[in-house]
Every structure is written in C-alpha cells, then in structure tokens.
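Some notes on the structure that comes next.
Letters A, B, C and D name the chains as they come in the text, with residue numbers starting at 1 for each one.
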Amino acid sequence: MNSSENHDQKRKPILSIRGGSKRFGGIQALDDINLDIYGNEILALLGDNGAGKSTLIKALSGAHTLDEGEILFEGKKVNISKPEDAHNLGIKTVYQDLALFGILDVTTNLFAGSEYTRWGFLQKKKMGKEAQTVLSHLKTTIKSLHQEVRSLSGGQQHSVAIGRGVFIGHEPKLIIMDEPTAGLGVKQSREVLRLLKELGQKFAVIFITHNLEYASEVAQRAVVLCSGRVAGVLDMAEANHNQIVSLMMGVDQVVGESV
Amino acid sequence: MKGRAKSKLFSLVVSLVFTFMTLFSAASVYAEQTYGMVVFLKGSEFFNWSYGGMQDAAKLLGADIKTELRGPATWDASQEARAIEQLIAKGVDGIIVTAGDATTLNPAIDKAVAKGIPVITFDSDAPDSKRLSFAGTNNYEAGKVAGKAMVEWLNGEGEVGVSTFPGPNHLVERIRGFKDGLEGSNVKVVAECNDEGKVAAAEAAITAMLQAHPEIDAVFAAHGNPGPGAVAAVKNVGKEGEIEIMGFDFGMPVVEAIDKGQIRGTVGQNPYLMGYISMMMAWGANQETRVDGPHAPPSVNTGVRILTKDDIGVYKSPPAFVSGK
Amino acid sequence: MTDTKRSSQLVSAALQAREVQLLLLTLVVVLIISNLTPNFLTESNLKSVAMGMTYDLIVALGMTYVLILGGLDLSVGSNIALTGIITTLLMQKGVVSVPVAIGIGLSVSFIIGAINGVVIAKFRINPFIVTLGMMSLARGGAMVLTSGYFVTGLPESFLMIGRGEIMGIPFPVIAALLIVIVFDFLLKNWVHLNRAFPVGADPDNAALLGINVNKTVVLGFALCGLFAGIAAIFMCSRLAMGYAQFGLEIELRALGAAVIGGATFSGGRGSIWGTFLGVLLLAIINNGFVLMDASIYWQKVVNGTILIIAIATAVRHSRIK
Amino acid sequence: MVTKMVRKLSEHTNLGLLAVTVGLFTVMSIGYSHFFTLYNMEVIAMGFIQEAIMALGMTIVIISGGIDLSIGSVLVLSSILVGLFLKADLGVALSIFLTLCISGSIGFANAVMINRLRAHPFIVTLGTMTAVRGFALVITEGHPVTGFPKSFSYFGQGYLLNIPFPVVLFIILAIVFHILLRHTKYFSQVYFIGSNPGAARLCGMNVERFRWMTYIISATLAGTAGIITASQYISANASFGIDAELRVITAVIIGGASLSGGIGSIGRTVLGVIFLAIVANAMVQAGVPTYWEKVAYGSMLVISVVLEQYFRFRRTGIKDNWRDFMLGGN
C-alpha cells in the first residue's frame, strides 16, 4: 500500500524489538515496545522529553538492558547486555553529549575502545593513518591529531564523535545518532544532515531529534514514542506535522495505516 | 522500605557479632589483677624486650596476674597520654610507662596516681610527675657513656657523624649526653643527618652525610633503626673497616651486624630488666608489707654498657611475644 | 625561513612538555648543588642517590598508574610492610625456597591491590576510603604477624638481590630502570594498560564505548599493589630484614613525585618518565640537604613547599586554553 | 508513630550505625564493670576530643566536596604557637586569638591555592600538611614547649557544670554548626556546592568564596583542638596530631558522609565520632590485643562504607556513575 510496506516485502528488518519493557523504580520507562528498522533507511525516533527515546537507544547500545522483551538482529535473537555486545554486532552510537575525552588527543578519542592492536599492542601508525582518512572523509580540518579534543571547535568535536561512532572499529550495520544537531548552528546542522543522508544510503540509521523539519527532510519513516509506548509509526512522505505533534503529545487520534 | 528492614536486620547481626566478640575476649575481666604497659611506639623491638621482662615478672608473681601492652603505632605524645587514661578507666592495678614526652604525660600519670594506681616509668622518665619510681638509664647518661666509649674507640681524636631524626625528646637528650661524653677529647660531632626514624631512609641519609664529610671516622646511629643503614652506607662509600659504627639498642639487625663485625658495638641498655623491675615495683606497691607507705626507690639504674661481639650472644633470641596481650 | 619557524615551534612545544621542564629544573638543581658542595658529583654519592630513590620510584610508578585511572592508593606503604614480612617469614622459617617465597610475596601484594580494585569497582566507593582502610588493615596485619620484631636471619641468596651489583651499579637500581623502561613502553603501547587514559579521563564515556572499566580499574590497583610488592622485595633484601614499620609515608612521597611528574588527581594524565624525574628531583634535593649540612628540621618544610610549587606549575601546564 | 519517629531520626543520623553503637555500648556496660562509670564516660569523651572538634570542620569540607589533610599539622602548630605566645607573656586571651588567626589563615591559604591552582584539595593540603608540620619542627627543634601559666589549663582540664570544658565546647560547636548547616541559607549552600559545583555556580553561588569559608572553619577548629590539647597536657610537642586527619576522616565517613560531596551532616558525624571513641575505649576495656587495633579500624572503615553503598544500591537501584566517586572533577 505504501512505501514502507514495500520495504517489508523486499527484505527482512535488520533489527527488531519485540515487547521491550524497562522499569526504573516506579517509572515505566519503556512499555511493550515493538519496532523494526531496515537496511538503507533512516528511521527518525521522535518523542517529547521523557518519552523513552534515550532509554530505548541505551538499551540498543548496551548501556541498559531490557527487563522484558527481545531484540532480534539480522533475524537472530541477540543479548545486548553491555556496550561491547552492541559494538560487536555493528550497532554504533553517536551520543548526544558526544562522550568525548576532553583531555585526550584526537586519535585516542577516535579509537578509544576499538584500538587497532596486534598481540595486544597498539598499532599507532595504522591508527594515525586511519584517523586522517576518517577526518578527511568527514571533510573536517583538524590541525593536528595530537591536539586535545577540548581545544577543538564544536563542529570539529562533532566530527570526531561521528567519525568514531561510524567509521572506527567494527563495520557498522546500524548507526544510532542521538540528537546529532543539538547545540549546532544552522550551517553545521546542514552539514550533519548531509552526512546523515549519505550514511542512510549505506546503513540503517536511527536518528533521534526534536526537530521535525530535519526529520522529514532526511528520514523515510518515523517512530513516535509517548510515555514509553510506541504512539505511532509514520511514513514521512505522507505524515504531516500536526499528526506527529499530536502523537508526541499523546493526544488520542488514529493516524495513518501503518500503526 | 524493604531495604530499610534489611538494614535493620543487618544492624542486629552486627551487634550480635560485637556481643560475641566482646564476650569472647571477656576472659580478662575475671583476672584478679591487670597491669598495663604503655609505650610511645608499639611495635618497637626494644619495648618488646621490656614487655617480655614484665610478662616474666608477672608470671613469677602469680598466675592470676595479667599484663597488656598499649600505645600509639606512630609516635604522638598526646596519644600516649590517652592510652594511660584509657587504662585508668579500665581500672588496672598498675601502669608501667615509658614517657615519650615527659611534660605531656605528667597530667595523665598524676591522674592515675590520684586514683590509687601505682605508676612506674621505665626507659624514659617523667621526673616531675607523681610516678612512684623509674627503672632505666636516663638517655642523657646513656648518651654520655656512648660518647666516652667513642672517645676510647677513636683514641681521643676524630670526627663523628650522628644519625637521628627530629622530634622525640629522648633523642635530643641522648645526643646532648653523647656530645658531653666527648668533652675533653679531640673527638667531635661534625654532622647530623635525618634518617626520619626509618630503617629504609637511613642508608641514603647516612651515605650522603659520609659524602659531605669524608673526614668522618665514626658514625653514631643514635636510635634502634639506623644501625643497618649505617653499615650499608659505609659499604657504599667503600670505607668498610675504616669507619667505626656505634649502634643503639640491640634489635636483631644490629645484633647480626655486630656478629658479622660490621658494627663495632652498640649502646646496650637493659630493656628486659627495666620491664621486670618495673613490674615488681608496681606489684609491690599494691602489697601490704610491714613497711608503712611506699617503699620503692625513686629510681633504679638498670645500667648501660657498650655491647660488642663478645657479649652480644644473649640478645640473639629475644623474648617470644605472641599476642601482644 | 619556515624551517627555522618550525624548529622554534618544536622547541617551544618541547619546552611545554612536563618532562622537559622537569629535566631542565633537575639540571639546574644539580648545577646549584654541585657548585655548593664538591661531594655531590662523586660516583658513590650518585650511587647512593640512585639506590635511595629506588623504592620510591617503583612505588611511584604504580601510583602514577592509579592516578591516570583517576584514583589513588594510600595502602602501598602498608602493602610493602605486609608483603615484606610474609616473604621474609616464609624464608626465615625455611618453609619454602627463596624464589617461591618471593613468588608468594608478590602474589600477596598483587592480591592486596586487587582487593582494593574490586571493592572500588564493585561497590563504587571512593578509592581514598578503600585504600585508607586497606592501609590500616595491612599495617595491622604486619604488626600482628611480627609483634614489632624484625624478621632477620634471611638466606644469603635472597640478600644478593638487593646487594648484588652489575658493573658497579646496584642490582635494584638496574631493575628499577628496566621496570621504568618496560612499563613506559607498555603503558604507551599495550592496549590493556593504555586504556587507563580514557578510563581515567572519563570512565562513564569509556564504559559507553565498550571499554571494560571494572577490569581496567581492578588491573590498575592490582598492578599498583604489585609494584609495592617489588619494592618490598628489594627493601627487605637490601636491608636484610622484614619489618612492620617499612614503607611508612611512602605513599605520600610517591604521590608527590607523581604529581610533580605531571599526573593529576582528575585522571587521564600522567607520564612514567615524568614520575621518574619527579622522584629523581626529590631525591637530589633531599641528598643536597644532607650534603650541605642544612638543619634537619627544615627538610619537611622544603619538601612540602616543593610539592605546592609543583602543583602550581603542573596546573598551569594542564589548564584549558 | 514509631515509624514516623524512625523516619525523622533517619533524616538526622545513620540508623545502622546508631544501632551498632547502642549495641556495643550495652554489651560493654553489661560485660565490663569499669565501662559504664562516670569516670570512663569522661575518658571516652576526652579520649577523642581533638578528633571530635576537628571532625565538625572536616564534615563541612567533605560535604562541600573537598578534603583537608592539613588539620593534624595545624593542630600541632597551634599547640606550639599558643605555648610560645603564652611564654612571651601575651596573656591568655590574646595568645588564643593570635593562634586561631594563624590557624585560620592556613585554612585560607589552602582554599586560595585550591581556587587559584584549580588543584585537587587532596594534593594541596598534602603539601601544607608536610610544610606546616615541618615548620612546627623548625620552631621547636624537637624540644617540648612547657611552662604555661596555670590559668591556661582551664581550657583542657576545667569543668563546666561537672562536664569537662572541651566536651562542653564540642557540644556547643556541634549545635551551632548543626543549626548553621540546616537552617541558614548561606551555610546550606554547602550541599548544592558539594553535589554539583557547576550548577551551584550557575545558581549564583560563589563557590570560591564559600571554599574560603569551609577551609578557614576547618583550620580554625584544628587550631582550637590544638589549643585544647596544649592546655590538656600543659605542654606542646611536635609529635601531636600525627595521623589525626586520618582518624577524623574515618569518623566523618563512618558517620555516613560521602567523599564525592553533597552528603553528610553534623548529626551523622557526631555519631561517627561517638562510635569511634567508644570503640577505642572498648578495645582497651575488653583487652583486645594491641596489634589487632589497626586491623579492626581498617575493617570497620571498609565494611561500613561497603554496607552503606550496598544498601543504597538495594534501595534505589541506582549504581553511582564512575565520575561521581573517582577523584576526578573539581
């Protein structure tokens, strides 16, 4: 009927969550979440603050574990209990606060946790070369790889975080971008969006944002979370802003056929 | 809430454990008499000798006499005073104390005496207090004997380096005595170095002193610890056999070095006898005799002599010391 | 033109490096002391300075590592005492052979450190408190085992470890230098040690990136313990005894030296050679003190002042531009 | 009713520790005839009085996220200085005033260095700790300072309403600081500053200025403890106060303050102080072998924090972030 169903017929989802739930003390952060993401698509994850977006991506990236429910990755049931598991599967996350090490240099930041080693020893030359390639790929100019990251500009820091999240370590299959445009100016945001589109052609991308314009610009589909539940799954080509906003706010309204 | 209940339960368990612990060690309550020894640095081999003497004397005086050892692990005069006060509160029958700093201990000692507890000082005296008696050699005298021996060793002419550390008054007194002992000869102290009171620091400090003063003929290691350091230091500057070393006390390392001929002699006081006599006097003060009033001498000199290879043998086996109790 | 510019840039960059600053400072101090006293630059004095700094150096290496991790270890001094006593007691009683005793001793030190690490990581308790408790515990253990007696009568083959010399250089000095070189190399190149930098700089971020922070922390503290154990073996062997008062205050000197060498309390920073120079500087200054017959009462004042000056300069170096 | 009282109590103090303390006290009182006597109570109180007074200041410093290692050294310096001033015939009041000023200024110097150098308080106060104790040695050259006037002995040995003066002073100080921390706007900032200095700064609190205050209080109380010690023993000696900072920190932490800042109260610290004072006395009363004392202290410290952390985790389900408890930050 619509493009997302065509997707379904063409191939299986790369990642699915079935019945995902998570509680913190008295708060139901996630409640019976079901969602799929396919290869070569950008899925926007929308929702108000406290809707459960960050809990969801933390569950996918291994920072939290789900209390109930299962995660299927490439059709197989997987157990993501720590960040390493996610890394090994190829689920890469670029965190909103960038999670950079301010006092360490660019190369160390890029490779932290996924160092190139031979017999446990660091291959510094190889990492240096790779760092250059990644940064030039991101079209970033950084004077020296030995600079402390905290001395870089905001945009440069973003590039380092994205470069690390996407290009370093295991081959990415699913990239999670947590508010990648937060705190950026218009020009830099456009740059990030361009990069997102580019990535979306090769990998599956989950794009978390508050900005509906950006979401409709780059994403094919959107999942709207509200109070820990999936309030709706929308096809971005057909959805309008009002629909999305009312879903986000939890106003009861049947929208679209893809729910 | 559940956590809180657990927490309460847990406190209960802890209290029970405490109960058992204390009741378990409560045996000492039923001892008829307890005598406490207070030292300014527990874990010093010298005081272990004294405590050994005290234990032997107590054993002799009766099976119902218990002894215990107290004192701070790092030297702090006010902590030593506290240890005395804790013993007074415990109601011990006598206190034997070595006064790390006499003036600081005076109030505590007087308090004990006022409570009717006989106090004997040993090794380091607190002469201005109301203590009953003192057993030991005062440090000034010991230093003086050492000084005189040094003059003899060097045939009346030479230069001496001293290894000590700043702080304890007894060391100040000892070195003053040492210098006075050298008086009238051509032997003089040319340098003092700070060994921080530690075995490990002594080697570097003494080596540096020997570097700075190549003319030094002898080293006076003014307390129990720097002796072995002095041996190593002399070796470092390649003057083995040229520089005489005088140690102090007879800790095992010093005894061994004397045995090997690396240290010529050490200033031997008699810590064992100090503990022994002190115990006897403290016990005696609690006994009824035909003599009215206290009958202890104001002080007992336990003597000091320079121990060399010939007479160090006795000290090769220090008194066994099991529990510190 | 550009060449000279580049080289001047290089020079200024080098001057900003903590190690270079320290090296220059040390040279200045050496110049001053050797001018004031002829006895400084003699073979035997240098040898004794080298020997005197060995224990502090080995301990300070471990301390640097835990500082990089963002922690600190107050229990190293007590660890030295306990390890030394266990090792020497085993030998003295002839229970086991010398190598086995050393092996057991080193394992004990490693385990003490690992316990610190496990408690810190597992219960998330500040390293200051945990190691403060361990400091008391281990020292108490050493005292309980010996009641304050020296442990002597050690086999000659054990004593050779501390007293042996190779080409006139005491064996512990050579060993310490080797440890410095190897540890520096490993810290920079071996991934399991190198990860101390990201972990210390920001442990939560490191965990997000899939670095096993718990493992790194436990390994770090265990290593710090092991270094204390190595120092203990050398100390007992050199001084031919085990003693419950060994290693008193060494944690403070090691911390001081590591901080002088560029490590900070906020973690993620620290250099082995910097620490080496820090220990060297302190050793030279303290040696100079004795050589110049300065009053022993002033030594503590000077040491404290050096520490404060070191922090002042270190912070300027690391402040955000 | 009871639960309400318990809850109210738990706001002010550490219930588990309270139970253990009461339990220990009861057991000792039953088991040892010399324990529950007026005289022994006095000995218990006076046996930990230096630490008790200093613990009040340390509590404020620790809640604000700092640490002060220099207090033991300030204690010894102040006890020596007050002696020297008295011997110089400056009169009791002026001597005490000058000594407190000098002590306070050491605290001020600590705070200024921490602020200006942006260095960790641990290392800064480690530096002052070494330097100040060294200075005490320089002044005395190892000789005790003696010969104080009789009138001075009141501060350490006198009684007020049959209670030793230092204990009265401690009670008054504890009440004053309790009220200040709980009920005044200015001092209650300490909790905000301790738990998040950055946010506190954004809320308009002057963190740097506040730090002056905390370290000055800490050092002045250490000075007070020094004066009391000097008066108690009518002498001063360069060995006073060695390792006192460790005992004080232990008391504050066992009471339940957190070194990461923001947690702690005077009530909890007072309980921690009382607990340690009783333990020290109980070990002598029960005849615990002297060499086991250190082992006991070490285990108590570790076990108490491990338990506290365990129960906090059980209650809240939240494991601390690493950066909240490692030394970083500041």
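Convention: contacts are C-beta pairs under 8 Å (C-beta built on N, C-alpha and C of every residue); 3 or more make two chains touch, one makes a residue touch a chain.
This structure is a prediction, so every number in the text was calculated from the model and none was measured.
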*Graph separation of chain B and chain C (steps between touching chains)*: 1
*Taking each chain's C-alpha mean as its centre, the one farthest from chain C*: A
*Between A-C and B-D, name the chain pair that shares the greater number of C-beta pairs in contact.*
B-D
*When you take the mean of every protein CA atom shown, which chain's own CA mean is nearest to it?*
C
*Gap in Å, rounded to a whole number, between the CA centres of chain D and chain A*: 50
*Would you kindly tell me how far, in whole Å, the mean C-alpha position of chain C lies from that of chain A?*
44
*Give, as an integer number of Å, the spacing between the C-alpha centres of chain D and chain C.*
30
*Please list all residues of chain C that touch 2 or more other chains.*
139, 143-144, 147-148, 202, 207, 268, 297, 299
_Residues within chain A bordering two or more other chains_ = none
*Would you give the residues of chain B that are in contact with at least 2 other chains, written as numbers and ranges?*
42-43, 73-74, 166, 324
*chain B contact footprint on chain C (complex, rising order)*: 37, 39-40, 42, 44-45, 47-49, 51-53, 55, 139, 143-144, 146-150, 152-153, 235, 238-241, 243-249, 283, 286-287, 289-293, 296-297, 299
*Contact set on chain C toward chain D in their complex*: 69-72, 119, 123-130, 132-141, 143-144, 147-148, 200, 202-204, 207, 213, 252, 255-256, 259, 264-268, 295, 297-305, 307-308, 311-312, 314-315, 319
*Contact residues on chain C for chain A in the complex?*
188-192, 194-195, 197-198, 201-202, 205-212, 268-269, 318, 320-321
*If you look only at chain D, which of its residues touch chain C in the complex?*
67, 113, 117-120, 122-124, 126-135, 137-138, 141-142, 246, 249-250, 253, 258-260, 289, 291-299, 301-302, 305-306, 309-310, 313, 319-330
*Quick one: in the complex, what on chain A touches chain C?*
61-63, 82-84, 86-87, 93, 95, 99-104, 108, 112-115, 117, 120-122, 124, 150-151, 164
